[in-house]
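Two complexes come next, and they have one chain in common, subunit A, joined by subunit B in the first and subunit C in the second.
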Partner chain A sequence: MTTDSRGTLLRWIFLAPTMLGVGLFVLVPIVGSLVLAFFRWDIITSPRFVGLQNFTDLAADSTVAVSFLNTAVFVVVAVAAQLAIAMLLAVLVQSRMPAWLRVFFRSTFFFPLVLSAASVSILMKYLFNESYGVINWALSLVGIPAVPWLTSPQWAMVVVIAVYVWQNFGFSFLLFIGGLAAVPQEVYEAGAIDGATGWRRFRHLTLPLVSPTVLVASVMAIISALQVFDQPYVLTRGGPGDSTRTVVMVIYESAFRELEFGRASAIGLVLMVLIMLVTAAQFRLARRFVFYQ
Partner chain B sequence: MATRSPLTRRALLGAAGLAGVAGTAAAWPRLTGADIPGRGDDALTVLILGTAQDAAGRQQIADAFTEEHPDIPVRIQSVQATDWGDFFAKILTMVASGTQPDVVYTATEGAQLFAERLALPLDDYLLRDADAVRDYFEDVHPSLIEAFMYKGSLYQLPLDFNAANMYLNLDVLERNGLEMPGEDWNRDDFTELLRGMQGDATPYYWTNRLFGGIVPWLYVNDTSFLTEERAQGGEQLWSTFYPGEERSGGYLWTGSNATHERVHESVEYLRTLVQDGLAVRPEEGGGNTLVGLFASGRIGSTPAGGYWVQGLAEGGMTAEQYDVQFFPRWRTQRHQFGAAGYAVMKTTEKADQAWEWIKFTASKQAMQLAFPTPSTTPTRRSMVTDSLYTGVGPEHWSRFYDTLDRFPTSGPIPAPPQQAAVETALIRNISTALSGGAGGVARALAALDRDLRAVFTEEDA
Partner chain C sequence: MTRKLPSLARYAALAVAAVLTLGPVWWTFTTSLRPAAESFSLPPSFFPLSPDFSSYAAVFEQIGVPLLVLNSALVTGVIAVGQMITAAMAGYVFARMEFRGKNALFAIVLSTMMVPAQVTIVPVFMLIRGMGLSDTLLALILPAIPTAFGTFLMRQYFLGLPLELGEAAAIDGASPWRTFSSIYAPLALPGMAIVGVLAFNFHWNEFFRPLIFMISEQNYTLPLGLVTLQGNLGTGSISVVLAGVVLSMVPAVVVFLFGQRYLREGLTAGASK
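Let's look at the complex of A and B:
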């Protein structure tokens, strides 16, 4: 065996586990889902080919429409809040403070991310309970009447977003900490000579320099938010009414409660295409707004 | 100077590869699913909703069964699920993956789904072994049997049930100078009672689901959100086990009745209770938290069945601190109930052994093993006695079973084969109806009607 062919063989051997994993756990489910989207299947009876009917039905399905709208609102508000809070805290933590305090804040802000979303949501459900929750009890101390946090359409989405952001901003925070640490100190020194301090320093120096990190953080945050499930499922089960029902919840309910696997696959494919389009749009926009050193 | 490790990179990679191969070999039963309980095993697999502890709790029934039938090994397998709908979905997934159980313990919520698609009718076995099971039927109210009839055949022998009665917290009543209402109380008495509850307790706490949510209020208002009919058939079973009893071949729910004016009236009534602060906005799902809140005197009243008694006792509530009353009368006093029993899977190759299991578990001996405490109401009337409730139960524990005698038109949870989609539509739209003003009720019920029609139309297609 020649050196070249040995090298080729070795490359394939090293690639094989990853390719096998991706093939089995990513490609096969995607192809399976794609095929299933053209069938009606309830697990018990044999699948029945229905062509594009699952997709055309989606267009007339008000629950699906509402879930996409809810998800869109969720993504816009949650991602904006997540990135803004993460950036604000990252800038504060990177400012002058003792090293031990910096370590403390980094760990504290990242901590919610390592908790199980279901456990956090169960805990939050108790905290936000209208009749017996600690939050309403605290509000009552200052004379504010009980708020139906999870049982009114006006508040439920606010709570779901708040819980999601609380749990997830730590990831963006960590990315921003890395991005901020990489900004050369000389740039700030030069900026200071030119009178750039405070907000102007952040707007014209920090933000452009960490824009590649912002791009990565926003892409990941949007993809994750588009797939939100745990928090609304545990906190409200999508209610009241449909006010917090998200796309992935509808996929889950269609497949595992109503046994409409074809419909669930069709919604899943639409969501996948949507995520791809949004991500592509972000990278397209990045050409204008992201500054690479 | 650094010393070179005798372990070369090639050797390290080789060792890692070997470790990977060894790990894969060791995990092979897991990877292929060969270690899934029930696969490649000859035992009769009985599936229940619950935890591993629940399965262990029923082991003594399996042991007693094995003593009587040493040739039929039994394995009790539990499936954890958030509710019955989740449980049914998991069973269907098991069926699809080829690891279906032989027998499943299922409730009214899934009775027609099983009857329509998954379960074997028991008629032939029942008629063949009529003498052996006669004492069971003599002890069980016919309403419970009728709830498990589907299109003229019986699919399950109900072993436990719960009617939606009204639990009243006597501590809360006493704090407010109120008295326990009488059996003939009506909706207005109930409203007045709630108005009399002030302070830190929630007057009426309820959940949004098929059992105990809006449905009891629809039943007492002589209506339902689904059209209700009765199937023909089952005459031979009725004449064999309940001579003289005029019952049907089971319930049929085949269409929407959501826009009926009495449905609107019932929903509007609950909406005003919520609006007036007499009732909480209903939460979805079960009420695990509810027991603690009721036991600590923070809830005045709530609909529940006999399944609450043991939990309240364990929560520290004494028999003198609460009592149970029939649901208040509106146009009728028809109650809602749910029951549960074992169903034999159509796919089983052990149908005869499964029938032996069902026959055994319906015996009084097995039911006493299954229900040693009042964590539910046994369907055998002879077991619902003072001895079951002494020291733990409310003063009027007899109302749990009396509900069926006093109100013989009481009906099961309306759960057609499309239960999951029906329940989803109900919960979603009732939730919407209660979240807005009076005008929102009609809109929400119109949406419920539309959703239900879609569910039934889809099934027809």
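Let's look at the complex of A and C:
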């Protein structure tokens, strides 16, 4: 064998596991989803072609509509909170302080990210318990009556958002730390001469300079928030009522509880298109607001 | 004085954030060390002055925690090693070999990164059923080994290694396999570690796929087992559930302590693509 043909052989052997795997477990399923969305199928009886009915039914189904609305509220509030908290803490951590203290804070805020969302939701469920949870106990110390955290529709969404943000702000924080570290020190020194300090310095110097990082962080935060499942599933199972039911929960329930595989595929496709649209919109907006050095 | 005050406020804000971040985990730990009967009593105990390990014993005896841990370790370990190997191989080809259609193939791999798992879960479920793998650990392992993100990461890593090493080896008559196995692969180990640590962290904590694919309790992974357990057990044994939660956190904490650098590099690599 020549070196060339050995190289060709090696190349295909090396590519095979990844290409075959990606083909079989991602590409084929995407096509499968596209096809399945036009059928009604419960695995037991044979699939029946229903055209666009799965999609038109979605609009009429109140649970589906509510789940999209819940997800929209969740994404807006959770992502805004996640980015704001992460940015505030990143700016604070990157300001002047002893190195060991900076390492401590950085690691601390990063820590929840390595835990399992299911485990975190279990422990948070106990902390937010209405009658024996630590949070209501702490509130009672300052005279605030018990809050029905997981049993009232409004508060349940607040808890789902809080638990999600608690676990995920560290990711945006990590990106912001990197973005802030790349801002050249001279910019601040020049700004200081012109009297830019505090909030003005942040608004007119720091923020424009880290805007590319803010864009990336917000795209990634929105994409992952649109897919939220573990927290509402473990904390509330979507309740009370449908108040915390998210799109992915409805996909799961349609497919694996109600055996409506066509409907589940249709919702999944809508979600995928939504994710693509949001991403495209953000990059369009970026042209106007992001400042590239 | 004008400089002292803002810096005090700054430390106060950071301290509050740190307490809110670590507090729930610390409470979980101390409560898991209380006797089950006292686990609900308020005020909470934040310092385990007289630790009681009965909840940990209960977690092992009452619920099949050893089996859950074994399943999770097996699934996570095989996926992590599988991803490291397959991503290194594919990444190497995309970085270092020239052939027609390479860019198209790489674009296809990259594009699959944008597709959320929830969108393809129904057809994947059908495939798994068709392959006769329903309710086996392989149902979790097989689809998780091919990794677009890992391939992307390893390609970047190999691109960063000097081209001259491979050229010199080829001149000395080394085969393409030898050039890879004795020169580039050893140099790429840190990159493979990033892929492995990321895979471990993600799949150890994974909940969605196990919930769908695993039917018999003997095949449950740890997060799935804990959620089911928490639903089944009454409110009387929260410290037992929390002992399980603490156990589920141990490997994550180990990765956090010893592999944090890899984890950080891997997580932020996705942002700079």
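Here are some notes:
Here is the rule we use: the second predicted complex is superposed on the first by the 272 of 293 C-alpha atoms of A that agree within 3 Å, B and C clash if a C-alpha of one lies under 4 Å from a C-alpha of the other, contacts with A are read in each partner's own complex, and residues count from 1 in each chain.
Assume a residue touches a chain if its C-beta (ideal position, glycine included) is under 8 Å from a C-beta of that chain, and two chains touch if they have at least 3 such contacts.
Here the structure is a predicted model, which is why all the values come from computation and not from measurement.
Aligning the shared subunit A places subunit B and subunit C in steric conflict. Contact with subunit C, but none with subunit B, is seen for A:Ile275 once the two complexes are overlaid on the shared chain.
Once the two complexes are laid over each other on the shared chain, residue contacts for A:Val216 go to subunit C alone; subunit B is not touched. In the superposition on chain A, A:Phe49 makes contact with neither subunit B nor subunit C.
After overlaying the two complexes on the shared chain, residue contacts for A:Phe283 are found with neither subunit B nor subunit C.
Within the superposed three-chain model, A:Ser33 lies in touch with subunit C and out of touch with subunit B [touch as defined at top]. When the shared chain is aligned, subunit C comes close enough to touch A:Pro112, but subunit B does not. In the superposed model, A:Phe256 makes contact with both subunit B and subunit C.
Contact with both subunit B and subunit C is seen for A:Tyr132 once the two complexes are overlaid on the shared chain. Ranked by how many residues of subunit A each touches, subunit B and subunit C are led by C. In the superposed model, A:Pro153 lies in contact with subunit B only, and not with subunit C. Clashing C-alpha atoms between subunit C and subunit B turn up only in stretch 171-179, chosen from 27-35, 99-107, 153-161 or 171-179, once the structures are aligned on chain A. Touching of subunit A by both subunit B and subunit C, each in its own complex, is seen for residues 17, 126, 132, 256.
Subunit A contributes residues 17, 42-44, 62-63, 126, 130-132, 148, 150-153, 236-243, 245, 253, 256-259 to its touches with subunit B in the complex. Residues 3, 6-8, 10-11, 13-15, 17-22, 24-30, 32-33, 36, 85, 88-89, 92-93, 95, 97, 104-105, 107-120, 122-127, 132, 134, 137, 166, 171, 174-175, 178, 198, 213, 216-217, 220, 223, 226-227, 229-230, 233-234, 248, 251-252, 255-256, 261, 264-265, 268-269, 271-272, 275-276, 279 of subunit A touch subunit C in their complex. Every residue of subunit C that touches subunit A in the complex is listed here, in rising order: 6, 10-11, 13-14, 17-18, 20-22, 24-25, 27-28, 31, 40, 42-44, 86-87, 89-90, 92-93, 97, 99, 105, 108-109, 112, 114-116, 118-127, 142-143, 145-148, 151, 170, 175-177, 180, 201, 204-208, 211-212, 222-224, 226-227, 230, 238, 241-242, 245, 248-249, 252-253, 255-256, 260, 263-264, 267-268, 270-272. Residues 20, 85-86, 89, 92-93, 95-96, 117-118, 202, 205, 208, 280-285, 289, 293, 298, 420-421, 424, 427-429, 431-432, 434-435, 444, 447 of subunit B are the ones that touch subunit A when the two sit in their complex.
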